[in-house]
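Sharing a structure, written as structure tokens. Questions coming.
For reference, chains read A, B and C in written order, and residue numbers begin at 1 within each chain.
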Amino acid sequence: MTISNPIHLAEPMVERSSGRRDAIFKVRELEVTYSSKAAVRGITLDIAPNEVTAIIGPSGCGKSTFIRCFNRMNDLIPGAEVKGELLYHGLDLYGPRVDAVEVRKRIGMVFQKPNPFPKSIYDNVAFGPRVLGRKDDLDGRVERALQQAALWDEVKHRLKASALSLSGGQQQRLCIARCLAVQPDVILMDEPASALDPIATTRIEDLMQELKQSYAIVIVTHNMQQAARVADMTAFFSVDIADEGERTGILVEFDRTDKIFTQPSDQRTEDYVTGRFG
Amino acid sequence: MSTAAAPIGRPRRDVRGGLFYLLLLFSVGLALLTLAVLVGDVILDGGSWVTKTLLLDPPSVDPEIAGARPAILATIYLGLLVLLLTVPLGVATALYLEEYADKERWYNRFLEVNIQNLAGVPSIVYGILGLAFIVRGIGLGRVLLAGAIILTLLTLPTVIIASREAIRAVPDSIRQGAYALGATHWQVVRRQVLPAAIPGIATGSILALSRAIGETAPLLMIGALTYVSFDPTILGAFTALPVQIYNWIRQPQDEFKLLAAAAIIVLLVIMLLLNSVAIIIRNRYQKRW
Amino acid sequence: MAVHDSAAPLTLRAPRRRYSEDIVRIVLLMAAFVSVVTTFAIIISLLRPAIEFFTEISPWEFFAGTTWTPLFLEGEFGVVPLLVGTLVITFWACLVAIPCGLGTAIFLSEYANPRVRAVLKPVLEVLAGIPTIVYGYFALTFFTPFLRDIGVQVEIFNVLAAGLVMGVMLIPLVASLSEDAMFAVPNELRDGGYALGATRRQVATRIVVPAATSGIVASFVLAISRGIGETMIVLIAAGQLAQISADPRVSLETMTAFIGATAQGDVPTGSIEYKTIFAVGLALFVITLAMNIVSIRLVRRFREVYE
């Protein structure tokens, strides 16, 4: 294992990312503060399409805060401020006239605990198209989304049943279908399988491999093995503790998954992936 | 509630504990006993006087042929009007406070405190308000609509509070899921929050309505008349079931007191029906999160 | 890469200004405003005639005078008898409501098993939901004769019947608020007591009730406020004799009974008699408002400790 030379740490990352001119997201020095306390700071990386990018790290290092920047869900938290640059197809996501609702139409999110609406399976998937005014061929949209989420065969004969009657794993796939029905080009997943049993988890992970052919996927996970299984690129976050005890999340290393897990450049990364801490 | 500790060793009877328990039972028993005696007394007094005459005929100076029909009709009209007025206003206010108001701002906190205080104002003060502003102030007069307006203002704080609880009970994960799909604020509220909160809102509103139609003092204040023999209209003079009961109680003849008891039975039955509907709604449709 | 429906270049701007969002916000705010208007209306409707009243009748005569005969030709306007009536009847009500309400609350919270609770709580709700006019009927036609039957020489309209029946009406209020307060006391406190060998009675009276004090006191204050503002029971059963007396067997007039009775009569608008309604109403409003504020503060202080 090579011990990193601090001077070389920043440059290789930037070089690698600036070479990706087709990156969907370009993040530069992103910082998120809640009521003047910085939750994450100095994040710089690129997200590429047709790939799974995983964010790993110990708890409390701002992974969820970071991922919620991509679809402006932090707007919903009073006192939250986002600084730095976050470009989506070259557009500043936090630009002056950018509408958060438009952002969320293109960047979908699946949550840690499945949160189906207390409505029928059909109405759950149809909700997105309906509020977006895309009511044409609603049946077709619902079916395609459910097929993409590998749920269609299991529910096609009971679309009017309540979504809450599904199992945990099915509910999560329903949430994915709901997200797909809006036809985003990015899917954010905040620990999507942590509330599910191992079999359901495997199905979600297989689904990710299928979906990445059409979407960019960013997944937060506290399960290193999961990241090693599904992700093409992995970002390792850690916590920087200031003198006053203030904890801020920082990006330690961002690289191809196999490199992160076999030849990490930073000692902290190595410590984490070998289980020495976290 | 933890289980009681058992004393170790030779069990000594806890005399003071036993006495205390008896005291508690006495407290509970007093309430239960009074309820039983009250209901029993009312039924015994008025049971035989609940006849078709009572329900269908107008009042009269002769207790044998007196009925409470105008009062019953007026109470039903009042109930419908109050429901029609309080639910939209109450739900709208609750939505504003829960989904739109920035809780840090002073005017929103003032709004909340104001509603809490209004909930505690004696009903007769609402009657004074009605007398001053609605009957004489804007000149509506002593009409059914004035009664409905005053009962609405009286009931509004309760409906607001109940609606707020129902809205708050909707888990935030539902809102987050809807926002993440690109819904606007109003779309989230209208399509997810409100539908999920409707059972709670309905239950709370119907229970509040049930209390409202039992109110006497405000209606007395705005001049619900003592003797009304014609069927009520919205813009006409009126009486209501509680007022009719009050009038009959005050009559010297004993028969009228029995008639009052019978009318009380009718009132209680109406309230019981409303409460049952509310509870059925709550049990059948209340979502368990 | 998934294709978006629109072929237009990406701007992330809203397609058009979402006016409906602003409209919704304004409509909801206007609805909320109704409650503010109500409060102002109550205050104005009371203040204006009350101020006019106090230009004719000196506040000293009103607040310190002990004779209340406003409807007489040469009327006297001392409100003390009404105050006495209100407070005496409320006192008798609290004599019943506070011990029995608290006792019921302790029973529900610390002693009753779930089945008993499931029955008792709805019964208390029923008791709370009975219209006050029914309680008034009961006080006049059953309780007063009953008191006479057991040897208490009460007049037809008397304080005792009205007060005690009002007390029963207030039991559910004290019981449910006190029980909420005791429910919020963490079980760890109870377990600590039991672990030291305390009996259930000791845990209830020495640990739980003291821990829930501000919530319990809040319920008492609220009950007093309700008793002060209650109209129909006293109107029907306590009568209209405005006098000062500590004898519970006689009739007394409360502030609420005076307002209710006077409004029914033919009182010409703008006359001094008409204005007395508002002067007394103002006094009533201020007293109950003050007590409600105290009660709310107590509940808030209690919540802060346990949440």
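Operating definition for what follows: a contact is a pair of C-beta atoms (placed from the backbone, for glycine too) under 8 Å apart; a residue touches a chain by one contact, two chains touch by 3 or more.
What you see is a predicted model; the values in this text were computed from it and never measured.
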(request) Take each protein chain as a node, join two nodes whenever their chains touch, and name the resulting shape: line, ring, star, complete or other. (result) complete
(message) Once every inter-chain C-beta contact is counted, which two chains account for the most?
(response) B-C
(request) Could you tell me which chain lies farthest from subunit B when each chain's centre is the average position of its Cα atoms? (result) A
(request) State which chain is most central when centres are taken as means of Cα atoms. (result) B
(request) Could you please state the distance in Å, as a whole number, between where the Cα atoms of subunit A are centred and where those of subunit B are centred? (result) 50
(message) What's the distance between the Cα centroids of subunit B and subunit C, rounded to whole Å?
(response) 15
(message) With centres defined as the mean C-alpha position, give me the subunit A-subunit C separation in Å.
(response) 54
(request) Would you pick out the residues of subunit A that each touch at least 2 other chains? (result) 101-102
(message) Give me the residue numbers in subunit B that touch at least two other chains, ranges are fine.
(response) 184
(message) Using the touch definition from the top, which residues of subunit C touch two or more other chains?
(response) 18
(request) Under the touch definition given earlier, write down the residues of subunit B that touch subunit C in their complex. (result) 1-5, 7, 14, 16-17, 20-21, 23-28, 30-32, 34-35, 37-38, 41-42, 45, 88-89, 92-93, 95-97, 100-101, 110-111, 113-118, 120-129, 131-133, 136-137, 153, 156-157, 160, 184-186, 189, 210-211, 214-217, 220-221, 223, 226, 242, 245-246, 249, 257, 260-261, 264, 267-268, 271, 275
(message) Touching residues of subunit A toward subunit B in the complex: what are they?
(response) 71, 73, 76, 78, 101-102, 104-105, 108-109, 111, 113, 115-118, 127-128, 130-132, 175, 178-179, 182
(message) So in the complex, the part of subunit B that touches subunit A is made up of which residues?
(response) 102, 104, 171, 173-174, 176-184, 187, 191-192, 196, 287
(message) Show me the residue ranges of subunit A that touch subunit C in the complex, using the header's touch definition.
(response) 49-50, 88-89, 91, 93, 95, 97-99, 101-103, 106, 134, 183-185, 214-216
(request) Report the residues of subunit C in contact with subunit A in the complex, numbered from low to high. (result) 1-5, 10-15, 18
